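Below you'll find a set of structures to go through.
Presented sequentially are two complexes of subunit A, the first with subunit B as partner and the second with subunit C.
Right after this comes the complex of A and B.
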């Protein structure tokens, strides 16, 4: 994609911010070694340097394929990703010292694996940027993506628990020591499908209505897809035993629907349906049990984690939640310092509870900075959605950013006891490939859309000389939205 | 579409604001609660960050530390295992301690106000100098002798206790309880193993975790006659006063006989001879003649009914001591139960005594009537071995005056010279005492007791002792207790042992 002279690409700003982020990651690594090993080893800078090379690679790809992309996204995500790798390496070092083993190499342990996952994720992100030169091309494959998304969501639900269940939630596909969370990728596919579907249907959904009790209700036949998705998310809730994932899918759909139609009634209907469904599931869990029991237990644990009944229960107890809270509380305002905490007291501290483990060491101030970084990423994504000119791009960027924000809220709110705990990964921080890959693909998509938003050409990017090879479907550009049939 | 997008942005802002507010709640407002929560393992780890103070007896550490490589940096070690367990107690991971480990916990852990200056110094030097050290009054030779002789007793008894105190100060010289336990198994960092070991000890019917010197009360038998003698001497009797004896004494349905037919079969016997031979009929009748109130008052003066006593630090804290009890000796209508009084006067019926109480009776007699408050903590030392506390002996009570004490001493010396306590004799020392053979349950062997004291060649009261063996088979239950008592006192005087 050729650059237009005189327009600011801000790629050098991105490079500078990236360098600053990597300096922070290196400093974090040094502090960890000083606290854990008692000295800073001569190789403390190697993980940060390797990450720098990887992110620099992505930066170069962006420089040539999306020169006008938002310059803040990559450095902000890189900093979080780098801290994640650093914290996981810190766990490796702590475990090795505990077992009186030598300090693990940079490529071994969960830290090393996370480094490898980062490499793969960045390659995927780069490939997406190279292949999808214009985000509107994605809409061509909307139905394929929609079907893929639903299949990905449903896979763990239909698989036997021995393959798909971890800690009571059926979100996984495990083959040997290798495991993926297909739901992470489903987000991307479903957002693309919703965006395409809603761009086509927005007129119908926003205009055709009956007024009941002061709220504009849509026509019954247009409600079909909404109800389908609602049922799907409740099925996820029941069969995958995970409120967070259900909330995520449903929130994703309701928000894209609301953005597309600009009608608050969709929000109200959506929220009522969801919370009604959740409440019914809670009541069923209390009375019937069965598939709802796990959900009821989690709600009980959330309401009073410190009661000895909830803490000492054999299954579905509050042990993990309590240990996470104690870890955060022990950290206090300033934290114990990187490497100086005791994160292994928190079960699953490398996955769902990484925020609690990091929180003990960097304290309230550090976590507030981390929250601000996440907020920055999400709001930057929403800004791209505001600035991009086509409806499909707006919906995809808006949906993806909002989902990212919602996922952060669901997992961090769960860990800190704000909402019932659900098994979500913390984006860019948790150990694990699927989360990292899916979220980097999400960032790549946002980069692509922000490039279109901030770039020079008005209207469809594909019409530009030298743009993406394939032409996007015409109906996305105004004329061919479905008309109202009385 | 931009207006709803902006609103979605506002929703995200609100959600993050909620997260931020809640994070403040968790990490600032509730931080102290969480930091010190019982569920927080870091509390335990923090306790092991600096070495706990050492407990010393006779110049050697009996509770020490070994550094480890696990999360808890120091392992508590008790090198003498069972021998000192009743004194030291133990300090398990994440649970409350017992014994001196419990009563001196603040000082040993370094949290005591007395060590404030050391903690401030630590802050500036960056060192973790550890907790303060506790120096016990225990005489290691007497302690080892007591344990060795108790477990190797000649009658094969498996339960018993021995305690020795310095009559002049109240300093505890030896305190052993059998069966005992190895505290090392309870303080291991493998908490599951520790819990299993505790469960096993706790279920053992012989109660190895019980400190029998302070926490168990048993019928004292004839050792109680020292109390009745004191009551008599305080009420006009002398050691030569003749009292009525005989083969048998019936009183309000109670029948008192002597242990053997040849003991005081005649009608009259003097007080000294009655104690020397341990004449049951004489003492039962004497108690009834004196009356309930005088006997109970004498017992109370010697420390019976005291449920406030602790043995540890004279400034407060220590092992709790069960109250020794005389029983009410009262009929349901409030009048004196003479039958019970007759039986109580020879230490039976409802009379119960701790071995510590027995030693305190002997100590008061040896110390001219002044009963010193018993204690275990001689000194407290800072980590850099500066003494910040030295025990200053205190008189607990004065049960008898010097004259009565002197008479009681003569009578008790006669017991060891000529009477039932002959096996407690130590060559070159003046030893006095009183034996006791206590019936307890129907068909069970009696408990054997000995309470006594020893004077060295300079006339100093160097040790007072009580040895108790439960359910001694084969008759003459108190003889073995007297033999062990003699050896302990000899060791305490620095003359015996190895």
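Right after this comes the complex of A and C.
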């Protein structure tokens, strides 16, 4: 890539922050070993060093393929990812000590597996950066991506429960000991499709409207897609028994609509439809049961986790939520210290409840720092969306950052009892390959868009050297937008 | 491991975590202000962007070379673009250098091209035309400093 002198790339700032993040990961590992084993083993630095090499690789790829990309994204995500690996290794050490076994090796247990997943995720992110040299190229495959997304969402709902059901939610495809969550990847495909669709329809959606009670209501035929996606997300909710996923897809679509049209009425309509749908599902669960029963149970648990009826029920009880809340409470303001907590009291502490487990050990003080990092990542994504010039890039960056933020809200809200608990992974922190891979791909896409946003204003990217030889559809905006017909 | 060391490690880690957060915020802050100097479009208040000794290849030190394109009327009034070597496209299309939201402007309305330190304005077949002061622009026309280019309801001027 040709660099223009005088334009700051901020790559050195990224490298510095990355080094700082890895020092923190090493410090976390050392503190865990000091508290858990009672001594710091001579190999405490190895996971941090391995992660440093991996992130350094991604950093080099970014230096060459996206020199103007945002400098904050990679270090912030790397720290969260590294602390996740550290915490999972801490669980391995704790389990081994509990069973009076020797300290597990770095590559064994869930910590080692997470390390391997990180490697694969970073390779995928680097490949995305290398292949997609201009984010506008993605818009060419929008319909293919949209179809792929819907198919990915639907796969677990169609498959028999023995393959797709884990802990009451049908979100998985399990083949032997290997399992993936196709919905995680669907997010990315759906965002690209929504962005393309809305770039084409934005004029129709924002201009042709009727004013009812001070709200701009769009015409019925333009309302079609939003109603379709609403129904689809409710179907997901019913068949996969998962409110979180439904909320994620639906929120994603409503927010991209809002960003595309700048009409607050879409937010109001979307929220009303969602809450209406959820309330109906709750009432159906109370009276009819069947597929809605799982949802009704979760709502009951959310309303009163400490009641003995909810705590002692055989299925769908509040044990997990209560243990998570007690963990966070035990942690208090400053936590018990890394490695000094008792995370194994919380079921699924390596997945959905990782924030409760970490929270017990680093306390509110440390959790707020992690939340601030998530906030900064989302903010940088939205910032790229504001700065990038083309509508497609704006919608993709905005949609992706919003999804990330919404997912964090859904799982943290669930753990802390703010909203009914649903099985979402905590991005970059939870054990699990699908989530880590999908979210690193998301970050790679944000890096690509932020590179376009912050780089020199070249004419559409096609005349840049090393532009991949592909010419982006330059006329995405004027030409293909649909004209309003009365 | 003595209790004291553990306590120091525990709080040290938390403090380091927050120092990291603030370092990140610091980088973002620096980035924001660096952006003011290097980004091509700067919607800064009047007079701020003027005194920038940029390291660009100085073309013509006659003291009359245009360094900025300023929007003087229309929705974007106050916007400044620091001129470099690259041509500037103006229109409603979002990949234009200057995206104007003006009902009377075309998607690809006009273009400013530098040639030997002199900027030329060129109409790109717009519906409502481009005017240099009072005259309609038909071919590439040299733009003197301080003379308004009119596109729809928007006026632009070259400034030193």
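The working rule: the second predicted complex is superposed on the first by the 475 of 486 C-alpha atoms of A that agree within 3 Å, B and C clash if a C-alpha of one lies under 4 Å from a C-alpha of the other, contacts with A are read in each partner's own complex, and residues count from 1 in each chain.
The rule is short, and it goes like this: a contact is a pair of C-beta atoms (placed from the backbone, for glycine too) under 8 Å apart; a residue touches a chain by one contact, two chains touch by 3 or more.
These numbers come from a predicted model, not from an experiment.
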Subunit B versus subunit C as contact partner of A:391, first or second or both or neither: both
Which of subunit B and subunit C A:260 touches, first, second, both or neither: first
Touched partner set for A:369, first subunit B, second subunit C, both or neither: second
Which of subunit B and subunit C A:405 touches, first, second, both or neither: first
Which superposed partner A:343 touches (first subunit B, second subunit C, both, neither): neither
A:416 touches, of subunit B and subunit C: first, second, both or neither? first
A:378 touches, of subunit B and subunit C: first, second, both or neither? first
Subunit B and subunit C footprints on subunit A, overlapping residues: 363, 391
Parts of subunit A lying in touch with subunit B, wherever the complex brings them together: 98, 100, 255, 258-260, 262, 306, 311, 322-323, 325-326, 328-333, 342, 345, 359, 363-364, 367-368, 371, 374-375, 378-379, 382, 385-386, 391, 394-395, 398, 401-402, 405-406, 408-409, 412-413, 416-418
Subunit C-facing residues of subunit A, complex: 5-8, 10, 13, 17, 20-21, 23-24, 27-28, 30-31, 34-35, 38-40, 71-72, 75-76, 79, 334-335, 337-338, 340, 362-363, 365-366, 369-370, 372-373, 376, 380, 389-391, 454, 456-460, 474, 477-478
Subunit C residues touching subunit A - in the complex, by the definition given at the top: 1, 5-7, 9-14, 16-18, 20-21, 23-25, 27-28, 30-31, 34-35, 38-41, 54-56, 86, 89, 92-95, 97, 99, 107-108
Of all residues in subunit B, those that touch subunit A in their complex: 1-6, 8-9, 11-13, 15-16, 18-20, 22-24, 26-28, 30-35, 37, 39-42, 45, 69-71
